[in-house]
């Protein structure tokens, strides 16, 4: 054990292989070429900033925020929050089984896993508009369709993040339960979910916050939402009112984040 | 140093009864590294067998292969009357339920209480959310889990989160979980590693008691030669991926076992 | 200044812009001697701010947009693109019991986009003239046409506010549904090309002159693409004044927006 | 140690406290009330499905997908991907320092942490439109502004997810390095980043995929992108072409996900 | 059983020289649980001190308190001439660099190679990406890390991911990382726990060699009484949150130490 005869250190890098290098080069080229097209000229930057703060500039027009309609706006925000909570709740509930089926370790069969992954990807890829048409036909205009629109969006989002959180957890406790003879459901319920809870909380509360911020889905099904008000404010150039809405949303976002942090601190 | 269970040394390697565990030609490689290179041995039921071997000699890997948590590269394992390699997923689960394992790294579920972790041991018998944690468990299960914790001296820490426990406490939770499983065969990977001398002794007595009084079979890995000698009927030594030592414990001694490790280091 | 930067507000994407306005661009460059650079802009707010920041010189936009543009910037009208048969309608399904605007009392009506001339301001104005007060006598909703059509078919809404070209499009795409016009409006003000206050008067004059003198050729170029069929039979009017759009400002009042008319009153 | 005198089992639940119960009740009420409004009537569901498959229904019109313009569409997809790669690259690069400052354990000071969190939240809350205006002023209309629009979106998104991944990692190795006397940067580079790499990969590749799918930001700055084509296809009721675009996007999404899985499997 | 370093027993508890570690009135509670209830002791430099105590008696917690990885509830720690409680963040870092710790749970960075983990030990001396892993490390650092691995007998596993190592191998990587740090004071929390008898002996000899030949100070926790007796100059026993045993090793014996645990269990 004590023979400290100077040993040669092992090689620094593992060989990457031709495809590895090729892939690396392609990505690098993509990034560099796109960056080259993006760099703003410094003088433009200065002019631009000056322009934003000029008397008719965006920022000048935004100040001071116009809180005169704070009542209806707050109400709308609450309404949006309500739809978002319901939609996220449904979405997350449905996302969980899909996510479980989509993980390497917990899926009953590779074919099932591939199918689950494809379905989750499909939920993400099918545009809002298509969902809107489907839900309008099935549940009609309004908040119910809004809830469903949020739901499908969340299945696609949370399904993926849940699956990834589950794959990242320490396999040790899961193996121990497997060796006990626990069923797949038992392993999920008693080892995987407890381990993923902080991550799930973060994902879920982000999803909630995103549903409140995101207007598109709700607007499409005629469910309103604060996002539509924000859009109207911008369309009519009521920048000061838009700013007030942004500030309210920011308050909500920060509040949700605080809540997320609080729950997670208890869990971690 | 009071040992209520006196380690009676039974006949080692007896093959008159059907072996409870038969390993034949077991090999396991990770990539190019051959860890196990053809193991052959059989264990008689109702015996305590100690497995010794240098660090990295493949003891833990062998344990994992026995219950197919890693698939052996080749070879056969017959355990508790079952051909382990041929079991369907369902049958494998039922088989695993009969084998209790104490892991070297404990492998407790973090963020949960000690009691919840012990209750998980009941998942071999029961299913559903009632055995996912202590909040939903039926009263008898909770009581049994408390009794298991009490057997390892941890009843007072039942509601502590396992990640706040000390090394030795967490080791004992892992043992309690194994007890909760009511196994027929116990595989214990260094159950005494982080225990203080007194507790280590008591835990080994507890395990041997299960063998002597309840007729279970035990395969225990330990680096403490005094435990190996005091609490086993037979000693197997693993070296270079093969069984390099196999003798009844009564024929073994500390210097002899040390020589096994010495010899191994020299090779 | 040899190059003029030209934005169009209701065409999405550069590719569509090239396709729809490419021939016009070539014809205009040849006629005026100016080089034209196209930008597609998918929102009026962005178009206004781009102009305010001197990122575009000319914007082709609709009447309602012009009003807000004008209120926010001192943008000047250069020339209008008149669209024959550019009028608003309110349509229902053929088998709907609605026979007159008054039958829509208490119903849900979808208008395309908030603040769109032909799909929102126009239809609302028609209904107002029929005695229906906005948001009181009926409930306005804002659905994309795809969704609105499905909602109409499933009976979720009673009517849609549209312009005439949309009716043709819907009739073609929904052969099994028949739409009926309940009320039809008058000719709406024209689409308008407006110039940033920062563009030199000479350039504006060149552009205006080009349209005035070579209108025929330019119009032929514009209407050579399928999407611009709406301009067929139209013309360019280089004598446009801001007052031509006061009628749009009045329309804004119907939906409760008084900022623009207050401005007019002074 | 062996005194197995039957011990009383400890209480099942910890006391939640009044605020805990109140919060729980509010959320439950919100969810239940919204769910009640959402359930579709069965007859509507049947009618709705019939409508979707009617001759002028959405699904009938979508089939078969119209791949006649596959050339330009694929080209547009690639162009979008290029902007997305550049934008995500920039966004992720900037998100990392913000995320580090926003974590409980790695932030130099609670004030810095709060500030970093607020900035990340602001990046998320400020609408696309405002960013679009800012970037148009600074770099003009076109792809460069598109890249920047994607960038800010990614800072808000990845900043949050990176921070949360870093908070969830095992503190043991970090403590060990702290006890060695490693600098904060050393701890981050040698313990936090290696632990978070799989999670970062997942977040980053999701961000990339999302940028390709998302049309809004790119359309606003006149940068085009495949999302705009999809919108146009829907606006003109070319459902079959829209379907072709969706299929292409789905292929890309699945490809990105496969790539993500491949990298993560190497890392985990 | 060849012991090249003979454990010479130096004068224990000598206070003629300035103590290298002085703990006074140290207490630590987790919530309502008082783990340490007022510790007072001082260690002379250049000595090996063994710390023993039952599971959960607070040994690991004491170690964490010494370097302020957990803040003590009250009390003072003076170590290597520094008032640990009063150090600025910068000075604390410099102070920690001088103290090498082997953790009970090893606390290696998973997913990285053994070599990279050992190189991390150099972060006390160097900064920047060059010591973040083996790929970017300068040649002398890599050579030193290889030498440290060789000292614990793991040179051949240098590029293995630490999460694929066996328990004893990972234990030794943690020791190599501590060696890489070139500390003046070593705190070792059960460094022999998962080592086989031979390797455990060698590692303890290695640690004692650092004390005897390089003049380092060592505080080592171990549950193996034979190691405690063979490789320390002085034995401290922790019970009920206090120092309940403090004697020169030459006056201790296995039965006496066992009685300490017995007594403790009875209390």
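So that you can tell them apart, the chains are marked A, B, C, D and E in the order they are listed, and the count of residues begins at 1 in each.
The criterion applied here is as follows: a contact is a pair of C-beta atoms (placed from the backbone, for glycine too) under 8 Å apart; a residue touches a chain by one contact, two chains touch by 3 or more.
Computed from a predicted model, the values in this text were never measured in an experiment.
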{"item": "Chain at maximum distance from subunit B, centres defined as averaged CA atoms", "value": "C"}
{"item": "CA centroid of subunit A to CA centroid of subunit C, Å", "value": "36"}
{"item": "Inter-chain centre distance, subunit B versus subunit E - centres from mean C-alpha coordinates, in Å", "value": "29"}
{"item": "Centre distance in Å when subunit A and subunit B are each reduced to the mean of their C-alpha atoms", "value": "44"}
{"item": "Touching two or more other chains - residues of subunit C", "value": "43, 45, 49, 53, 144, 146, 150, 154"}
{"item": "Multi-chain contact residues (two or more partners), subunit A", "value": "1, 48, 51, 58, 129, 133, 137, 140, 234, 268"}
{"item": "Of all residues in subunit E, the ones touching two or more other chains", "value": "105, 199, 265"}
{"item": "Pairwise chain contacts, counting only pairs that touch as defined", "value": "A-B, A-C, A-D, A-E, B-D, B-E, C-D, D-E"}
{"item": "Residues of subunit D touching subunit C in the complex", "value": "47-48, 51, 54-56, 58, 61, 72, 76, 129, 132-133, 136-137, 140-142, 219-222, 224-225, 228-229, 231-232, 234-237"}
{"item": "Residues on subunit E engaged by subunit D in the complex (per definition of touch)", "value": "67, 69, 93-101, 103, 105, 107-112, 116, 120-121, 123-124, 127-129, 131-133, 177, 181, 265"}
{"item": "For the subunit B and subunit D complex, residues of the former touching the latter", "value": "4, 115, 134-136, 139, 142-143, 145-147, 150-153, 155, 158-159, 199, 202, 206"}
{"item": "Residues on subunit D engaged by subunit E in the complex (per definition of touch)", "value": "1, 170, 172-173, 175-183, 185-186, 189-191, 194-195, 197, 267-268"}
{"item": "Subunit E to subunit B touching residues, read off their complex", "value": "1, 30, 52-56, 60, 104-105, 157, 164-169, 171-172, 190, 193-200, 223-225, 255, 257-258, 261-262, 264-265"}
